[in-house]
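Take a look at these structures.
Okay, so chain A shows up in both of these, paired with chain B first and chain C after.
Presenting the complex of A and B:
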């Protein structure tokens, strides 16, 4: 028990030292966390799912900070509330992608004809524009939130596999892997104890990049009318509504959810950059 | 019965679209309990490949390897893994051979966790501590990561990892060649003391004759993946019988190794391409003392003295042979 406590304390200490050496990671994580907390807990001035048909396309004012859209939804309330839906969806999709892609990438790095075949199969698969493929699949399978996660998996699992496999292939040639074999470690043990800890850093950096892209994918999907269905708030959906108003000069409907996407993507990219810098410094 | 018996070990590396490299060609030797056999040769002579073949980190094309009477090449993967407790390796690159993400204590403990999974954590920790101290490290260095250690300390960790399962045979693949001279001496001393204490057998792979004469009981000289000459340390170093060994020793400038002072003992040219092996004697193309029959007669190891074997059909070679050679038929020197 005390051993477990010691380990947690150690991980916490390491985390703090990482934050100190790469403040960008801390900034990015804080922004994401703030957006998530605001999405779930910030008291909203208006209901994000009930429109006020008497006040459509109001410009930003003290009553409606970000204005209202063509249906009479309060843009501020919806922009904040959408974070509680878009961000968890992006995070869950990304973590699941890593969870599936990293072990598969490690396995595909083993020698053998079948690992080559898997990679060639992946080549064929990846030669399609993946976002379009994801949209097609979600459209065919129905407009449900789980399918948005599946779309993120389709785009990201091959990327994780490729990245981890290429790292693992160069690791395989290294002396300490040979040393591990020489002391009698099983292939599974070599992967778990020796290869995984050495690829987890790049995988983590990729996770942040993938999360940023997932925000984009979700926005794109709901922009096209797949995924989050109205009247539930989603940044992509809001941008789509806003695009219709932009020609009449009602800029606020599209700008604020657009900014939210921008900030979320930038925050995840900050984390990714920080993690990558750390990786390079460690080499 | 010797601890290790190797017969006819052969390995070539197939390369796609190009000729195969014949790295190891029909190599046979034995190592007794508590004995050190040194494999010496230039880079590319196949020394490290032999070390890896012995441990089945590489699969040989042909030959047999018997450790304590067990045919290693007949073992299936799980039985082979179990056998690895008895045969260990220390690599040339101390840092690269340690997992950068593992603590020293975990690195040293791993072989025991694998081979004695039932051992309690306190026993394990105690064995790690004892082994670290045996190689001259403090027990509290178990908590550190490899990158925080000096090269010499890293190599001690590598030695501790190789020793903790109390193996019978340890392959030392140039364990000191990347270290400072002063550290080299310490590591050699530790290896020597450990051998005395535990009756270890070493296959010591090196190109450095001064370290070889410190550690080795017997020496095998390797050229183009073939043993040129093999015998007790004194016999091979003081009284080398093969032109290659003589040239190798003459090229080595060390006051501790006394060699007949002949500066003319040089071979012509470079090591030939290992994709096409010469017929007859492998040395023929470079040898200053060659005769016509060198190419026609099969090249075999002959007994030249007590436990002393060599391939040269002109052995024993005298100074006069070399002097004659430098005047007349030295290959490549006329041009």
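Presenting the complex of A and C:
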């Protein structure tokens, strides 16, 4: 077997053992995957983008499983279809954040006045409320999907940096880093070969937390009409449509997309919890 | 003695932080694309009209000159006027910030009570059924977006059970008016001796405070569980048990150890909530600073956005100063 094959097999085995010790991770991942697959491939009973003006605000029935909203959109079709848009957006945003934030955090863990100054700068930045920041970024940069990803990136990169940096700072004091340095490893090699593998765990847990938050942020953005282009379905936008109806008792317009957000966020939180528990147990 | 010096040092940092904050908010908004003149003039305005508006807003002056004039007016306490309503930003902040602070303050108290209860319970019964139940509850709270929680509360408590009034502002359409003293309605009505208005204000606070309180209880719950779990494992607690203290006393001593990180978390949440409550304010037509800033952002009303950033930053800095002092008083180890 090739070297690469052996390594993938090893990673797979490790993954399975993690799943066995923390079943919550498996449950969370399965739910997210199921939602994604449903969003992309599930045949929908009605068009998610074409309303039926003759059937507005119908309660859930055998015809419209989740009812219809005040414009005559089928809530079931839209709730499912929105998963194909909201979930990938959140996932792309968080993975890019990790990709940028983890190396930057490792770099910022080098001793020196600059790394301290950069972190103080991030403090100021981070004290700003997340959702407002994201809204400001997308509004000011233009109401486009790419800008939603950029907003998630700007919100999350400092978090990854801070987390990885604090882990790396305590790692730097340990024996094996000292040993690696003593035998003449370059700083870059120390980071790549010795520090990176030791921060992967916390970074993964943070990725999951960030994904959960990203879903919330995207929902909040589209709730305010930022970053969406109606009639394309998005959970936040659907909940917004339901605000008018809920004070008169038409609950289904809000509840079903709301449940979808809740399930997606909870799934990512489950994965994060499982990963964190594993970290705790390993220590 | 050391205490006063530390506080003095922190106080000196405030003007510096504020200067950085002013400069950053000015620069960030300058560098962002988007032309407020076009937004004000509307989509069908001619180029000449847009140019006239740009001129009147001073958008054509060089960047350095605008920065200096902005700094000068901020120092004089003039935060400019809204592009759209032409109201002075400072005056509106004075009206709206207390409404937000009242909401945030009460929400944090609810969040702390619910969160600490769940967290301490979970830490005490670690690994057992109670722990699983409280962890599940915390994860559930954490997974509900605050605006969804607000809408669900409106549906159940207002529409179905009529426990709470309709989500329309701080006093609804009651026609009751309260002389602003502190801006905190619950305080002002009590000072005025108007019990009717006090109850009315309380009723209108109920739903938004519950929505924010329950969602943010998750954060307190998580921190409390992990810090309490560590504290309950410590040798001090073991010693307290060995001395034969009652379990209540033991948990109390463990809590004394765990309270610093929990307080810190509360301060962070306070800063985050000043803007973070914006969507809740919008849903409840709450005349607060968050919803005001939100509208300003969506319409590129730059003086208002800058004013909000400054106010939120100022409140955050003050809260962190208070936190530092509080921690110094509570935990003498920090002073060493």
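One rule holds in what follows: the second predicted complex is superposed on the first by the 282 of 283 C-alpha atoms of A that agree within 3 Å, B and C clash if a C-alpha of one lies under 4 Å from a C-alpha of the other, contacts with A are read in each partner's own complex, and residues count from 1 in each chain.
Keep in mind that, in the parts below, a contact is a pair of C-beta atoms (placed from the backbone, for glycine too) under 8 Å apart; a residue touches a chain by one contact, two chains touch by 3 or more.
Quantities reported herein were computed from a predicted structural model and do not represent experimental measurements.
On the superposed chain A, the positions of chain B and chain C stay apart, so the two partners fit side by side. By the touch criterion stated above, A:32 is placed in contact with neither chain B nor chain C. Judged by the number of chain A residues each one touches, C leads among chain B and chain C. Of the two partner chains, chain C is the only one touched by A:140; chain B is not. With chain A used for the fit, chain A forms the apex of an angle whose arms reach the C-alpha centres of chain B and chain C; rounded to a multiple of 10, it measures 90°.
In the superposed pair of complexes, A:194 makes contact with chain B only, with no contact to chain C. By the touch criterion stated above, A:178 is placed in contact with chain B alone, chain C being left untouched.
Looking at the shared chain after the overlay, A:265 reaches chain C, while chain B stays out of its contact range. By the touch criterion defined above, A:254 lies against chain C but remains apart from chain B after alignment on the C-alpha atoms of chain A. Once both structures are fitted on chain A, no C-alpha atom of chain B lies closer than 11 Å to one of chain C. Common to the chain B-facing and chain C-facing surfaces of chain A is no residue whatsoever. Residues of chain C touching chain A in their complex: 17, 20-21, 24, 29, 32-34, 135, 139-140, 142-145, 147-148, 151-152, 154-155, 158-160, 166-167, 268, 271-276, 278-279, 282-283, 290, 293-294, 297-298, 300, 305, 309, 312-313, 316. On the side of chain B, the complex with chain A involves touching residues 55, 57, 81-82, 84-85, 88-89, 91, 93, 96-102, 110-111, 114-115, 158, 161, 165.
On chain A, the positions that touch chain C within their shared complex are 124, 127-132, 135-136, 139-142, 212, 216, 219-220, 223-224, 226, 239, 242-243, 246-249, 251, 254-255, 258, 261-262, 265-266, 269-270, 273. Listed in rising order, the residues of chain A touching chain B in the complex are 174-176, 178-186, 189, 193-194, 197-198.
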